[in-house]
Structures are given as C-alpha cells and as structure tokens.
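Let me begin by handing over the structure; questions about it come next.
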Amino acid sequence: MLRLAGVNKSFGGLQAITDLSFELAEGEIVSVIGPNGAGKTTVFNLITGVYTPDSGDILFEGGSLKGLRPNAIVDRGVARTFQNLRLFTNLTVLENVLIPQHHKLRSTWVSSVFRTSGYLAQERRMHEVALEKLSFFGPRLMGFRLHQSVEVLSYANRRRTEMARAMATGAKLLLLDEPSAGMNPKETREITEIIRRMRDEGGYTILLVEHKMNLVKDISDRVIVLDYGRKLAEGAYADVVNDPAVIEAYLGKRSDKTSAVARARAADGLVAGSSVDVPGSAAGGEERS
Amino acid sequence: MSARPGDAGGNGAGARGYRPHYLAHRVRNSLLTLGGLAVLLVVLLLVDGGASVKLKQVFALFAIWGIATVSLNLVNGVTGILSLGHHGFMLIGGYVTGLLVLPTATRDNLARSARSELSDFAMGLSVENWFRALGLDSLTTPETLWARFLVAVLIGGLMAALFGVVVGFPSLRLRGDYLAIVTFAFGEAIRLLASTPLMSSFTNGALGFAGVPSDIGKSVWWTFGFLAVTVFVMARLKYSSYGRALQGIREDEIASEAMGVNTAYHKVLAFAISAFFAGVAGGLWVSWVGTARLDLFLFFLTFYFLVAISVGGTGSITGVLLGTALVVWVRQYGDPLEQTYALSTWAVAAGLVLLAVAALAFFLRRVRRIKPDLGPVVYVPGALGLVAALVGLLGQGMPALQATWQGFGMRAITLALLLITIMILRPVGIMGRREFTWAWLFRERLDEPTEEERAQDAWLSNPALSGRAGAEREDDEVDA
Amino acid sequence: MAASAVVPRRRPWALWLVVLGGLGLITWRMLYLHGVNEAFNAAFFAGAVVRSLQLGSLYALIALGYTMVYGIIRLINFAHGEVFMVGAFAAYFLFSRTPFSWPVALLVAAAIAFGVLQFLNFWRGRARDPIVLAGALVVFAVVAFALASTQLGWFWAMVASMFVTGVLGMTIDRVAYRPLRGAPRNSMLITAIAVSFFLQNFGILAFSNRQTPFRPASFFTGPLQFQVFGEPLFTSWMIVLVPSVTAVLVVALTLFVTRTRLGKAMRATAQDAETARMMGVNVDRVIATTFLLGSMLAAAAGVLWGMTFGSINQPAIFGILPGIKAFAAAVIGGIGSLPGAVVGGVLLGFLENFLTALFPRTEYFSGITEYKDTFAFLAMIVILLVRPSGIVGEDLSEKV
Amino acid sequence: MRRIAVTLAFALTLGGLALAQGTIKIGVFLELSGRMAVTGNDTLYGVRVANEQQPTVNGATVELSVCDNASTPEGSVVCANRFVDEGVVAVIGSYSSSHSIPAAGVLQPAGVVMVSTGSTNPATTQVGDYIFRIPYTDQFQGAVAAQYAHNDAGASSVAIFRQQDDDYSVGLSGFFKDAFEALGGRTTVLDFTANTVDFSAQINNLRSFNPDFIYYTGFCAEAASLVPQLRQQGFTQSILGGDASDDTQCPDGGGAAFDGFTFTSFGEPEVLTGAAAERAAEFRTAFEKSYTLDHFTGFTLSGADAYKVLVQAITDAGSTDHAAIRDALANLQDFPGVSGDITYVGTDGTPANRVMGLYAYQFSGNSWTKAVLKGISLE
C-alpha cells in the first residue's frame, strides 16, 4: 500500500533522513520507534507532503506522493494526527469532524448557498459519517459533547477527537503521531483496543509513532526503529527489541562508567521506556508490568 | 428543558437518521423570521414615507455600508485574514457602476465640458447603449433605470471580484500582518493608479464625474434589498460546509491543509466573494453620493468597517450589522460632537467618558473574576476622568476655560477611542462569534446535557461535576 | 532588529554584474536624453541624485521607527506616520510661537524633562537613580526658562520636539499596546490603525486644519548654487543638512544598539522576548525605549521634511503618505533589520526622484512623474512575493 | 414608539411653516474651515453686512442658517440636505466649484434656488435652472488671462499648473490653454493634487519645457509651497494666478517669493466705474463698522450681492414659493449690485459682462501689500 524508496531529506546541512525505505501492506499496523530527534515526525511530514523529499520516492497504492500538496495527498487517502494536537479549538466537536469531509463535497459554493437537494444529501451523509467515526469512542464524545467547543474538552477527549477527525477524511492509511501521549494507563489500554478495532472493523492501515513500548508491543505487527534518520532495524517487536544496535541506540555505548544496574537491565531485554517524558504522561518506569 | 432537537439522542452509538441540528424547529423559526421581516418592512415604510430626507438617506447609507461590512467580515471574521484593501474593491465597483449608468444627457455635458478626460471608448460604455443594441428599448426609459443599474452593479461586482482574486494570490504565500499590509498596499495602489493619466481615460482622473443617478442609491427599498441578498448569501455560506472550511482556515491553516481543505482555493474564493459584494456596495455608495470621486474611497472607509466589525463582533453577521448601525449613527448624527463649546464643557465631557471607560473596565473585571478588581485599567482612567470633570465643573468661571474650541473631527476621534477601548476590554466585540438566532432567544443550549443524559450518568446528575471533564471517574463508569 | 551582517550571496560576481549593468544602462539613458533636449544636462541629473539622497534619508529616518518596533514586538505601528506629523507640528510651535507664556512653558518643559528622564533611565538601566533625577530637574529648569524667554532656533526646536514626541510614542505604547501584549495579532494591528486615526483628528483639534508654512530662521534653508560640468544647479543647503543629520542619528542608533547594555537587551528581546524576559531583561522597559527612540527619529524626520519643503500639510493628511511609503521602504529593506531600513529608505528615495528624472516628460513621452506615489507600493508587493525577508533581512519563516 | 416619533416630526414641520410668516430662512454654506477658510469667511462677512443693511423682506425677518462645509464636497452635500430638511427659502454659497456642483445636485431636484458666490466653473449653472452665480465664468477669466499673457506680457510658451482634482482649476486651465493656443502660443500642463507639498517632480517636467511665462490655476494652500520652490530652483519667469490666488494664505504662507506675483480676481471698488464704484465704496464704509478692512475683498462684495439679489427676487416674487423666486431672479435686469450691474435675463444663471481686476503682491522687507494694477476686460 505504502512504499518509501531511498528517501533522503536534509535541512540546510543537517541530514534529517538518510536513504530510508520500508513498505506497509494493507491492513497492517506498523510502529515507528526511536530515540528523540530520530526523525520520526519528519517521516510523517514527508509522507503527508508538508516537506518534499530531496531524493527517493514515496509511493501510495502505486501513485507517487512526491511534490503533491498536503490536501491532494489526503484526497489520495492518507490522513494524519498531530503530536501536539492541532484541533480547531473554537469550533464544536461535530464541526471538527465535518471539516475533514469537505474535500469530498462535489457541489459548488453556489449550490451550498441555495442548499440544493444534492448538497443537502451530501451534508446529511457527512453528519452520519461524523457520528459513526465519533461513536468509535463510545459515549464519551456523543450526546451533548457533540456541540461543545473543543477547548472545554479534557486532554484525552481531544486526542480522541483528533483521531476521529483523521478517520473522517475517508482515508485508508492513518498516520497516528503518539496517540497515547498524555493518557493514563487505563486510557492507553483503551486506545490500544480502539486502534485494533479500527484496523479490524474500520479496515484502516495504521502507521504509528509511539514511545510507550507496551502499546507498541501489544498492537504492532511490525516495528521500524529509526536512529539519526537511518533505519536501524525492522521486524516483529520481539526480535527488534533484543537487537544490540537498538539497545545501543537507546542506552548509548557501553562504557566503563555505566553502572552495573544499567547493564543488567539492558541485558534482560527490558528496554527502558520512553527515554523522554512526554509532558503530562504517567511515570516512565511503569512499563515493567 | 426539551430533549435536544434533532440529535441521535443519548448514548445510542451508531448513526441513526441524524437530522442536522439547524433543521430543528424549522416551522417555528421560519415563522419568527417572517415576523421579523414584517416588522422591518413596517419600519422601512415609515422611514420611506416620513418627512425627513436625512433619515431616509441615513437608512440607505446603513444598508450600503452594511453590505460592505458583512462582505469584509467573510474575510476578516470567518476566514481570519485581516484584509485592509476593501476600499480598493469598492472603488472599482463604484467607478464601473457609475460609468455604466451615467445618463446620456450627463455624458454629452461631460464630453463638451473642458474638465473631462474620459475617452470616447469610456463614454460609449453604457448599459443603455447595450440594451438599445440588444433591442430591449423598453428598458432604456428613465423609469426602468433600476434594470440598467442592476446590470451595472453586477458588472461592477464582477470586476471587483476579479481584483479580489488578484489580491487573493499573495495570501497563498504570506501570513498574518504581512498579508494585511499587502492588501492595504493593493487598496492604496488602486486609488493612486486611478488618478494617473493611464487610467484617467476611464476615471476622469482625481476629478471623477458627477451626475450619477441617485434614485437607486438613496432609495431605502433598493439598498435594503441588496443588503438582504448579501446577508442571505453570507449566512448560508457561513453555515455550509464551505463556511466550516473557511473557519477551519481561521483556526489552524496547517491543520486544515492536513485535513484535505484546499486552503489556497478557499482563501482566493473568500477574497473573490467578499470583493464582489464590496463592488456592489461601491456602486451603491457612488449612487448615494451622486458623484464618482476618488476621495470617496480613502482608507477611512475601511477603518470605519473595521470599527463596525471589531465593535459588533468578528465572525458574527448580526454583530457586524450592529456595529455598522453604531458607526453610521455616530457618522451621521454626530454633528453635536463637532460644534464649538467652551473648554470647560469639553473637560466635563472628557471626564465623563473616562469615568465610563473605568466603570466598564471595573464591570468586566468583576464578571471575569480578574483579581484585583481595581487594576490599573480601572483606576488610571477613573482618576483622570475625575480630575477632568472637576476642572471642567469648578473652572466654569476661569477665563482660560472660557475660550471656545470647535470640536473638529470629534466623530472620528470618538470612533477611534471606542475601537481602542473595545480592543482592550472586549477584543471579540459585543456579540463575539455568537449569532442572534431564535434558538439563542429560547435558550436552547445545545451543549448542555439534557435530562435523560443526566439521569443515565451518575456523575452527570451532579451539576458541579458535569462542567469539569472528570476523566478519571468517567472511565470507571464505562468499564464497569 | 538583528544588526546581522549582510548575508554573503552564494554568487557574488552575479551581484556585481547586475550593478555594473545597471550603471551602464543609466549612463546610456542619460546621454540619450541629453541628445533629445539640452535641458537634461549634468546639473539636471546631479540635482535628481542629490534630491534622491535627501528624500531617501527622510524615508530612512521614519523607516527606522517602523523596523525597530516590528523587530521588538512584531507590530506594524500604523500610528508611526502620525508620530512623524506630531513631531513636525511640535517643532513648528516651538520655533514660531516661543517665547511661551509661563504655564505653557512649564508644561512643555515638564514633558521634555520627562522624555530626558526616561532616556537617561534607560541608558543607566536602573529606575529612580538619584543622579538621573537630578539631571532631569536641571534640564526642566533650563528648558522652562529658555521656553519662557527666547525664541528657539531650528536646532533646539528639533531637539525639544524629539523628546516631546518620544514621550508621545511611549504613551501610545503604554496606553494602547501594552494591555494587548498577549492579544492575537490582528487586534494589535487594528488598535494601531485606531491610534493612527485618533492622532490624525487630534492633530486637527490641537494644531490647525490648514497648510502651515515651516520656515525657521536657519542658514540651511538658504539657497545654494554650484556648477556641475559648467551648468548651474540651484538647490538649498538642506541637501547637505538632511543626509548628515540622518547619518549622525543612524550611527548613534547603531552604536547604541551594538555597544550599550540596553542595546544588547533590545537585540535579545528582538530574537526572543520570552527568553529575554527569563534572562532578567525588563522587556516592558526595552519596548518603551524602542518607542522612545523610534519616535525621536520620526520627529527629527518631521522637522527636516518641513524645512526641506518650506511648509507642512494639514495634520490629518501630512503623516499618511510619508508614513506608508517609509513602511514600504522598511519592508523593501527587510523589516526588522536596521541596515535594511536605511537601504530601503535610500532606495525608495532614488526610485521616486532619480527614476522619474530618467523618464522625464518630453515631446512624445508624457513621463512617469505622475506614477511616483505608486512606486513604493508596487515595489513592496514585488519584494514580499519574491523575497519576503527583504534585501538585507534574514528569513523569519514560520516553522511547522 | 416609532409611530409617535414620526407624527411628532410631521407636526413640527407644519408648525414651522405656520410660523414662517414671522421669519424666513436663507441657507448660507461656505468654506468656513479647511483649505479655503480665509476666502469662505471673507464672503460670509459680506453676506452678514448685507443682512444687517436689509434685515427684512415682504415684512418677514430674514434668518441666516449658516453651515460650514469644511472645504469638502461631502460637507457641501450634508449642508444641502440640512437646508432641504429645514425648508429654507433660498441658498447662498458656496465659494469653490468643487463644493457648489455637488450641492447643486441636491438643491436642483429639491427645487431650492441657489446663488453661488464664487464658483466660476460653467458646469455649476448647467446643473439646472434653480442654480445662479454672481461672478463671471472660467471661460471669461481664461480668455482674459490668455490675452494678458500674450499681449501685455508678450509670452510665447506658457507652463500651466493645474490641480487635477478640482473643478475650478481644471476648467480654468482648459479655457486658458484653448484661448492661448488660439493666439498662437505653446503650452504644457503640469498636474498636482490637493495638499501637495513636494513639487520637485513637476519642476523636473518644467525644466524640459523651458517656458517664458507661468500660469497658476490652483489654490493658495499649494501655491505657498510651489512658488518658493520655483524661485529656489532658479525659475525667475513671471507668474500669473487665477482668482483663487486672491487669498492672504499666499503671501503669508509663501513669504517674499510672492513679490511681483500678479493675479486676476473679482472687481474691487477701485476697479469699478461710475455708479457701481460709489455703491461699492458706500458698502466698504458700512463693512468697516463691523469688520477690519483686510477682510474686505472682491469675494466680500460677491457675498453681499448674492444676498441683495435674493432679497430683490423675493420682493419681486411677492412670496416664498421656490418657483416664483427662481422666475423673479431669472428676469433680473441691470440690478445695481455692489460688485457691478447684474443681469440674468437671457443667460443660464451667469451675469453678463462682469468687470475683473488685475492685482499684484508687492513686498517691502517681510510685509506685503496688495496693489491694484488696473481693471481688465475682454477686448
């Protein structure tokens, strides 16, 4: 479905992504992990057209996405969520989920002013799709919350609205940028369940960027590890985690000064969780469940 | 508290036949709207029939400036782009309409008089000739001026919309105040170019041309008719999917682009539609004044529209119309402000204004529970106001305060000070983004939980909690 | 407000090619015109060059005010054109209506002393410093006495007007802009427009609504005549005074910004106001200084403008066109950079005077002098589309 | 609530008419502030003195309703609307053509007689039959000026400064250009707009034309900047101005550069002949009682005559009906005005064969005097 072939991207001398290639089949859930600054979000921005790759190509269902404007890429069927929640704050939840469907509207602005029957049918359809996507999250975003403006929602609800918004674009491939950031353990479990349901019931293919290893472990079919813009390893979560290169990337080189405890922990495969604390997330060490 | 109209109701997951919320209560709302229109018609009848010529002209001016502010609001309020070039679009609409609708008598007069640089080609441009060419002689009589005016205003609007597209393109590369300045530069460049020899064969240079028939511009019925069309189009647009896309651009342009909205197309579209109606307003404004002159389209026009939009409420059509009414009222009935008064009366007036600002600031801080209540925004104007009032009252006798002072330009000063106060104390304006709708009148709050919703969720029944997003407790409920 | 060095072009020789090519074209055009009509002689073009420098310096002085304010708080100070107008009218009252009656003299002296106090405060960086207070009191006494007794010459009228206008600039910031520090960009811009309209109409109330002759007794407004390759060139000493005063003020400003502690604080605030605040910089005082200095430069420009043309327009109109054109110059040069404002101003001066001299009115060509007011806008629109950061400025594009 | 307000308004206007027998209102709108304030106020003083001389007509006292148009076209439209609302009997004003024409556009359809005190542009009276004027037209002034430049000054090429956004200036420069070229001379037109201060561009164009005479058709607000800059840039040719230069702002604003600046303007007593000269002299002594003499100009006489012809027309018409006043005015024959005899019979509202004066500003040190050179008319 999605294929990156030898993609390179540099920002005035800083080589952000070097010769990255990987593939994503239909219905797969793949996680991209790596220490901070490894270029994970840059990959997302390359795929969604915010940046254009210096060389190499990005193919989606055979067609090249290189050089397309972000909204054209969404038409092709690729949608994303943002790491730091770019919602339409002053609009209501319902409106937030209606806007992504605007690109599918076939009637001109004149027919929307005169509310022709064709336009009203599409409007009804858009409302139904919006409610269907929002109902993925159970009652939490339904009922009166539909008409509340986004700024009064809790952090977790905003995350869910952002995901519903991405789904509402009618995309087949979803790029989720740290969906569980800022969620407590119970909510993280719930989000994991929802992502699985999205793939099974919704038929979405999902590319995930995530720091919480237990979420990655539970849900991803394959894992890609990035470090300084290079692909370090790819494969099932189990064998990737024990790959010495990956441990080194996370914990740094073995040097005599590292304490005995650190070496022990690295040895038995319990890769320390997010080496960086995402603001508001639960304590880093709880992955040892 | 009736169940929320047209909602899937309660926790039912999945999308049963959902009727969009604005289709609820259609019957009641449309009846009330008809009632409202009836009241408006009565008012217009009274004004039209009334003796005072000035009142009629003021209502017509309100409608014309209303068209301009509502169309500017589409770009400033709805799409969030600060456009300062609106007077340029009005100029184009005004001159095109004026030129097309000049009666033949005035044209011959102009051709003979030494003060016309209008080229023969420009003189030939007249809807009357076109109608005659098309054989519609019935439409060339003085009584059917409205038909010619309608065609002229439409063409004026389209020409302005063309320039709207041209001005829209820089908005693709620039953001925020850079863009505001480019629109401002376009507005001024249009006016300055219109007076150069290059364009003066069409605009007769800075002198312009007189004799534009004003029976349309000054008729209350025509101007309110055009206003009704503009408000209808803008309201319908704002509540449509296109309106939502434009508001998306206002909230976060990058997110809108990532959600599939072609922001380039929509921004240029917003500029084009807004420029079209600005052109129409320009045509009516030229007809209202009766002459097409360059100094009718100075930047002060856009400034008054900005005051109307900011004071009324950015993004709210009713708010903008409220603001326009205020601006027109101050402009037309502000004469007492400009008379000559003794300095002492000026001092007392200044004192009262400052005290009013202090009171408003104090009230708003109490409403928003900003501590401390008596912040500098309150006691500084308060103290100054007190001092000025006292000096004015006590100093009646003093010769220094006897000198009279003509309150020149006080109307513009009042509007400028009003705008500064509003920007500091209530930046979103009186109406904010809310519209005056019947649902608002009957207090149908869509975003309040209804009775059965409260009954179902234990924590919702406790009103204190429902406001707070109790993430923790809420999850236990769902899982249990 | 980064006084950053000019970014070296990747292809320096291309730049030199363009410059040489341009000069060649200009000389060819001049010779051609001379052929058409002897009146277009060396003196004609020398006069155009000299007047371009003069007008360019005036635009530069005003543009500096726009650039400093934009650099610090990213605000386009629409009211700056009106501050320029108030500077000119204040100087007019100071040199034509002095000696004042006592109450008026005391009031004006108080305003000037307050301006000096703020300036010294900023310079020494500590508020309520006894030496500064004493200095301000001395200034107050001297100025009050001078105002009440003698008629001020043009120089002292300019200096006094610079401080009075500086105080006005600070008041505008304190009353209209400071409450809006955190507000969204558009409301700051709309407030600036409102302040500009307020000052325009307040000018009519306070000063007059008619064109005012501006002829202070001064050697520099006298005529100056010299020979250029034999032909006589009639001008006035103002073509010498304006560029030199501008040069002095620009050098002083650059030294202040680069050498003094407060200058460093200004550049820090320009880079990142939040971090500067955390590093112990009193950002509000830095912003006040920027308005004070910007307004003083504008006042100087106002006085020199009046002296150059011999009269100043009525208040409601005087500040508008020069203000917008100076802003266009600041944008062309690169908004936010001091050298940018000077380069932009001088370039605009040459565009308006020298370019129109290159295409004057001849028998078969009506000339482009009527279009000179639109050059500023067209150039700004082109620059914003081709190179938004301006000729000298560095790129300030928004990161995703 | 609205209904009551409207009926109240009706009652008031009806009531107003009933009282009318006691007082009748004449609207006076002039440039009392702004760029042309000096001439506007001089004209108003003329009207007031004439009002004091003839306070009543047909038994009703005349009340002057004064309105200031602030030297702007919109101000004139607002004043005209106010006069229509107040139901004035007739209107006097205004001085500039750019302000008289828009007001005529309002007063003509409303059927109110308007007598302009200073508008010399032909278009003003062409608006309709209710519009009259006291002075000559620009056609006459342009021809006289061209004749003076060609014959008396012996000029062969003239540079004409024209304020392109003013009806008066555009009209006058057009008529002068046609008349001078008819006499075989060469001309070039240099445009500037209101409130211009920097004339370097126009002077650049002037250099390439190298004229031997300069004709300035603008107002004093701009002349005060232009003339000093011309002298400073080395142009010593003599400059002739139109009647708009008859304004103290020129010599006061421009200073010594105006020494020798000649201009044509309304006839003053010294220029008039026979009975008209005595009437003008008598009016001047009456004027001296209330105002100082430096406010006494040709425009003052024109203001007084505007009032006198209206009073004469109302007396002839015997009623305050608009159409009757218009007809009475149109049939005026050899009315003994203080600015010369006025005849409207057979004209479109412009009095025939008016007398003009040629004047010059003469400086001695920093003080100046306005010297009367001679009366001037079309040969």
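For reference, chains read A, B, C and D in written order, and residue numbers begin at 1 within each chain.
Rule of thumb we're sticking to: a contact is a pair of C-beta atoms (placed from the backbone, for glycine too) under 8 Å apart; a residue touches a chain by one contact, two chains touch by 3 or more.
Note that the structure is predicted; figures quoted are calculated from it, not measured.
K.L.:
Farthest chain from chain D, going by mean C-alpha coordinates, please.
P.N.:
So the chain farthest away from chain D turns out to be A.
K.L.:
Which one chain sits nearest the middle, judging by mean Cα positions?
P.N.:
Ranked by how close its C-alpha centre lies to the overall one, first comes B.
K.L.:
Count the C-beta pairs in contact for every pair of chains, then give the pair with the highest total.
P.N.:
Answer by contact count: the chains A-B.
K.L.:
What is the distance, in whole Å, between the centres of chain A and chain B, each centre taken as the mean of its C-alpha atoms?
P.N.:
About 42 Å separates the centre of chain A from that of chain B.
K.L.:
Between chain A and chain D, what is the separation of their C-alpha centroids in Å?
P.N.:
The computed centroid separation for chain A versus chain D comes out at 78 Å.
K.L.:
Check each residue of chain A and list the ones that touch at least two other chains.
P.N.:
50
K.L.:
Give me the residues of chain D that touch two or more other chains.
P.N.:
Residues 33, 191.
K.L.:
Where in chain C do residues touch two or more of the other chains?
P.N.:
Expected reply: 209, 370, 400.
K.L.:
Over in the complex, which chain B residues touch chain A? Could you list them?
P.N.:
Residues of chain B touching chain A: 4, 7-15, 18-21, 232-233, 236-237, 240-242, 244-245, 247-248, 251-252, 254-264, 269, 273, 433, 446-450, 453, 469, 471-472, 474-475, 478-479.
K.L.:
Help me check something: in the complex, which residues belonging to chain C touch chain B?
P.N.:
That would be residues 74-76, 175-176, 179-180, 183-187, 189-191, 193-195, 197-198, 200-202, 204-205, 209, 316, 320, 324, 327-328, 331, 366, 370-371, 373-374, 377-378, 380-381, 384-385, 388, 398, 400 of chain C.
K.L.:
What residues of chain A sit close enough to touch chain B in their complex?
P.N.:
Those in contact with chain B are residues 48, 50, 69-71, 74-75, 79-80, 82, 86-92, 94-95, 98-105, 109, 112-115, 119, 122-124, 126-129, 131-132, 135, 138-140, 142-149, 152-157, 165, 169, 184, 186-187, 190.
K.L.:
List the residues on chain C that touch chain D in their complex, please.
P.N.:
37, 39-40, 44, 48, 51, 55, 209-213, 215, 223, 225, 232, 234-236, 309-314, 317, 353, 356-357, 360-362, 367, 369-370, 372
K.L.:
Hey, which residues of chain D end up touching chain C in the complex?
P.N.:
33-35, 37, 70, 188, 191, 195, 197-198, 200-202, 204-205, 207-210, 221-222, 224-225, 228-229, 232-234, 249, 252-255
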